[in-house]
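In what comes next, chain A is part of two complexes: it sits with chain B in the first one and with chain C in the second one.
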Partner chain A sequence: MRQAEVTWQMGINWDALAARRDRVRQWRNILITRLFGSVGLLTTLLVIGLITTIAYKGAQTLSWEFLTQPPREGMSAGGIGPMIQGSILLMLGTLLLVVPLGVFGGICLAEYGEHSRIMRLMHASVAALAGTPPIVYGLFGLAIFVLKFGLGVSVLAGWFTLTLFSLPVIALTTEAALKAVPQELVDGGLALGLSRWQTLWRIALPYALPNILTGIILSLSRAAGEATPVLFTASIYYSSAQTAFGLESLRQPVANLPYYLAEGYRQPGVVPEHLIWGACLTLIIFVLLLNFSAILVRSRARRRYR
Partner chain B sequence: MWRTRLFDALVQGATWIAGSVLILSIVAVFYYLFTESRYAFERTFPVGFRIALQPPNSEYKDDLSMDPTASLLATHREGTDALDESEEVTRLPSHAELASMQPLVTATTQAREPHQLDPQALFRDCLRSPKRADQGERFLLLAFAMPSYSGKTMELTWEPDVSFDPAFCPYELRLRLVRIPEGVSIRPIVIDLKQQPRGRITLPVWEAHSQADWLNGYLFELEIKPVTSNTWATLAEFFKPDWAPTILYARFGMLPLLLATLLITLLSMGFAVPLGLAAAVYLSEQASPRVREWFKPILEILAAIPTVVLGYFGVMLVAPWVQQTVASAFQLTSGRGLLATALIMTVFILPTIISLSEDALRAVPSSLRDGAEALGLTFAERVRLVVLPAARSGILAALLLATARVMGETMIVWILSGGTPTMPDFSSLTAALGTLVKPVRGIPDTIAIEMGNVEFESPHYGHLFLLGLTLFVLTLAINLIGFMYRKRAQVSL
Partner chain C sequence: MIATATRTHTTVAVETIDLSVSYGDKPALKSVTMPFYRNAVTALIGPSGCGKSTLLRCLNRMNERIPDARISGKVLIDGQDIYDRRVNLTALRRKVGMVFQKPNPFPMSIFENVALGPRLHYGLRGRALHEVVEKALRQAALWDEVKDELRKSALALSGGQQQRLCIARMLAVQPQILLMDEPCSALDPISTQKIEELIRTLSEQYTVILVTHNLQQALRISHYTAFLMDGELIEWGETHCLFERPQRQETEDYLMGRFG
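Presenting the complex of A and B:
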């Protein structure tokens, strides 16, 4: 208070100063508000530009033959049928392996994650593994599945590597979904005389299912577009035959979309540009289909369980 | 009742199994990355010098590799311990033949001790297999003049073999005069080849009159003396600035790769963080629910675009643009380089930054915003003084996660970086600008490119695992710090 009196006595027109400061504040406010809005707009434009460019360039190549036929004339013509089938094969096996492991792993994290120091350490490691670069998983898959287990460069090694790659993310989303279940529901189940695991299975899990499914599909769609985990573990570039779906073929390497694109740059001029644009668009559609099915599953599951 | 128990046991069992698989995989990832790197420490260190005896006015004075009489003393992968006739190493001609060919001669042998010298088993070059850093090597070199030589002095000239860099060598390298021929007075010579990798010394002439007489001439010794263990030498070289694993004198200095990865990360985060934060603030603070409803799927689409596709997009559209605008000023024919990589990396990481920081911002309780508004703060002040500080932990966690993802992103760098390991140069403004557009090569793409052609369980393979381990440790640290901040964000709100 005394301070204020002293300054008032200095004969400064504080009202004018405050008014000026207010004007500056207003200008700054308008500037920053516009800035935030325009950055949002910029991002939107960027996405639309990217998608339309690729869609425009790729759509000219897209046809039924392109999607189903194998490449011809030393990769310079024909379609990308084997690559699409290979990608689907890799995804299917990974799905089968990773869903039980990931969901139960998530349950384990949610149930015991805070229990002891070791479990807390494990929790932190899973979080760290979720952010570990895919190339590291590729290296690991090469060292252990391809070389140590003697699987060779094969579909099996690719499955295991991709499983390992998507496992931490799925476990973490499952854990987060289970933790978001309201405590009243769980308590209600226990009060009804259900055991701990029955409560989990019959009450918490169904409630958390939409989020779990979203997590699974999103992490699989990331795995589907990622070339690096399968680079040394499952991939073959040149494939002129259709992908065979048999037990024998599990020990063979398989052509797949991301690797086809990756090799497309490494050997410039082999695969003509329009084929690559077509493959880019196909891969995006493949991944987006997975994403949309996530959204679909999520909304349907919500309707059913509430 | 037993059914309930069985059910409980089944679910619990599955949970425990999945949990142990999770633990097992964590342990296995750590363990195998470490153990596979051990192959890196089985490497050997090649050495190679060219030495010639020249007249004082030799035409090859400055370019020893062109001198047909120069001797090559080397340990590298083309060398073997036992030379035979089939070996592509030039046997020294007989005395009579030499007399008509050249006036000054250097000769070497597979023998390691002076008393083992044999005039019938002399060669022009000596190649041996490379040794570990804790094992040494010793080459003997005879130098003499033919009777036809008319000059008063001769010069012993030496230089490292093409692509051999003594600075990368873990040994002490010495060229020493071990025997002075009779009738010549000269002071002892010891040259440190690391200090003086190329040079010449003048010697008084000594002539050999017969083949047996050769052995009585000047005898030099190229001594390769171990100073550290193989492990230390490998580690020390790993932090040196030159990555060239496939050349004859292989070098595994990963510094340019590490710096490139860090620069790409820094640059793209520099672009992406202001943009991403601004968009996140817009989304969480300004946008109407309808805009937000539209924006979220757009972000998800952007996040779902595979990185190979982004890379290809960059190579077809962004790289040519960079080439025309900036790179052409540096006489570069391609726009692939640091800048193009960072630009596409920005597109790659933006959705992650936006949606994670938006989550953090929306977790700030609205009572704080209301309080700020009641105090009469403008929107900009509210964001700067209240909302952003409250969401700080969550935003930091989001940014750290994004940093780790950029660091490990492989395909974009592989396709767009140009693929040449170069050290960044910030000595001047022009050099810094040049660094911005010049081709680089990061850690992840080096692994991806070279693992395809590498011999499994060779030192090169081990070094790629060492690179992977470096990347893993870096991202692990960043992720763990991010994990801590995320926990703190959950606790504080």
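Presenting the complex of A and C:
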């Protein structure tokens, strides 16, 4: 089969045409690269600027005494020990409550999510909850846990409110992590005769674990920095005693870093500015540490078998 | 051609009767009736989309995972219809193992990959489990290569080793029937040759059903070959008979490379 000879000349200078397009393309590339580069640089500079400002203003306050001692002289001196301990107490309880709930919720969404209308509705609701402003959780916690259940402004009410606040994000990241498990692996498990739950437990969950852990830590680090969920539910501002870690103290309100910052700034003249900056830096370090541990956990879990 | 002609296979291990599958409105398999003999390799060949993988995946009920798949007809394994309501899916898949086109080791150690099945199915632990893992790896001709690094991630193995690991993983739950869905199509020629030798050895103990795109492979390692096209079983028979004297025009055209 011989093809008829085709002439491509058509009286056109093809090379010149292409060269012109090439020039336009090159200019456009340079332009776009610079645009994205400068916007990215601006973002990075903003964050770095923010952190260095806080570090600069807060650094001289930071000391072992500041981090461990309670405030003295009507909050105008001393440290923020009770606030740090309170924040840790709030986070620990929230962690214990939210991890099982969030992970099981995410499993539920991932396993039953596709076929039933109810589950699609559930998914949409959880996604909406994840975007609900924290103050709404705070008010909900006040209405339900503090007043309705009669828990009062207390650590317990704070735990429950923070749990609700972190739950949607953890459920959604768990769901996404499980859905990202390659179908071949699930098929491999099923073909081996494993049941659906054995496949989930033995194959899908371990595979998804790094991402689930990342979601948990990031969600908690966000909760650690939010003042409004605990504003009406768990917080006390004036605290000259160390935070107690006993059972009876769970019914008491507790001092914590974000609330200390909000209230300390709102009442000028009481808390000196250098203490506020110091607490601000402490909170940022607290949250950054949580974020770094998320990165560490993920890379370690990934390195294990991937 | 190997010992194909000298061996006779009389017992039927698997039999499909009037087996049809459709995905939504699209028929994928049209009324296929054929036997698969015990301790023989049966190759399924045909152009892409002809239904050979669908047929294979019917034999351990993996097609049920596809949401709009509809299956009718029967698949008899040792005389029992596996689509019967009373059939235990776990027991079925323990008896009918499967290897996929792309090696899919689990993201765990080599040992754990093989140990998972026997541990969950038979509750094996300790020495007994080790013994089973070693046996399976030996049978899959992988033991000598991995015996010193059983704790290493399975994902660090080469593609060919991964596929043999998947075969070991399947053998460790002691199946009787092995389904292989183009097990060599993602592998280099040397790994392919190793797997082919392995399949030949395995066929002395197991019933092997192999989907392949590679006609030479079917000719080299299978005792029986079935040719499918557009979801229909065009013809099947002893491999050398089918290759040398195809009964149907379509088969001859396909074998001569006139389509697909």
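As a convention for this text, the second predicted complex is superposed on the first by the 272 of 306 C-alpha atoms of A that agree within 3 Å, B and C clash if a C-alpha of one lies under 4 Å from a C-alpha of the other, contacts with A are read in each partner's own complex, and residues count from 1 in each chain.
Everything below uses one rule, namely that a contact is a pair of C-beta atoms (placed from the backbone, for glycine too) under 8 Å apart; a residue touches a chain by one contact, two chains touch by 3 or more.
All values reported here derive from a predicted model rather than from experimental measurement.
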Have a look at chain B and chain C on chain A after the superposition and call it: clash or fit. fit
Figure out whether A:I88 sits in contact with chain B (first) or chain C (second), or with both, or with neither. neither
Based on the superposed arrangement, let me know which partner A:P206 touches: chain B (first), chain C (second), both, or neither? second
Scan A:H115 for contacts with chain B and chain C and give back first, second, both or neither. second
Now for A:L190: first (chain B), second (chain C), both, or neither, which partner does it touch? second
Does chain B (first) or chain C (second) touch A:Q198, or do both, or does neither? both
In the overlaid three-chain picture, which partner chain does A:L62 touch, first (chain B) or second (chain C), both, or neither? neither
Between chain B (first) and chain C (second), which does A:L46 come into contact with in this model arrangement: first, second, both, or neither? first
In the superposed arrangement, does A:A227 touch chain B (first), chain C (second), both or neither? first
Using the superposition described at the top, determine whether chain B or chain C touches more residues of chain A. B
In the overlay, chain B and chain C get no closer at Cα level (Å) than 8
Which positions of chain A sit in both the chain B and the chain C interface? 195, 198
Interface residues, chain A side, partner chain B - complex: 25-26, 28-29, 31-33, 35-37, 39-40, 42-44, 46-48, 50-51, 53-54, 100-105, 107-109, 111-112, 122, 124-140, 142-144, 147-148, 164, 167-168, 171, 195-198, 200-201, 221-222, 224-228, 231-232, 258, 261-262, 264-266, 273, 276, 280, 283-284, 287-288, 291, 295
Going by the contact rule set out above, which residues of chain C touch chain A in the complex? 60, 62, 65, 67, 89-94, 97-98, 100, 102, 104-109, 116-117, 120-121, 153-155, 166, 169-170, 173
If we count contacts the way the header does, which residues on chain A are in touch with chain C in the complex? 115, 182, 184-185, 187-195, 198, 202-203, 206-207, 304-306
Listed in rising order, chain B residues that touch chain A in their complex are 4, 7-8, 11-12, 14-19, 21-23, 25-26, 28-29, 32-33, 36, 275, 278-279, 281-283, 285-287, 295, 297-302, 304-309, 311-313, 315-317, 347, 350, 354, 378-381, 383, 401, 404-405, 407-411, 414-415, 444, 447-449, 451-452, 456-457, 464-465, 468, 471-472, 475-476, 478-480, 482-483, 486
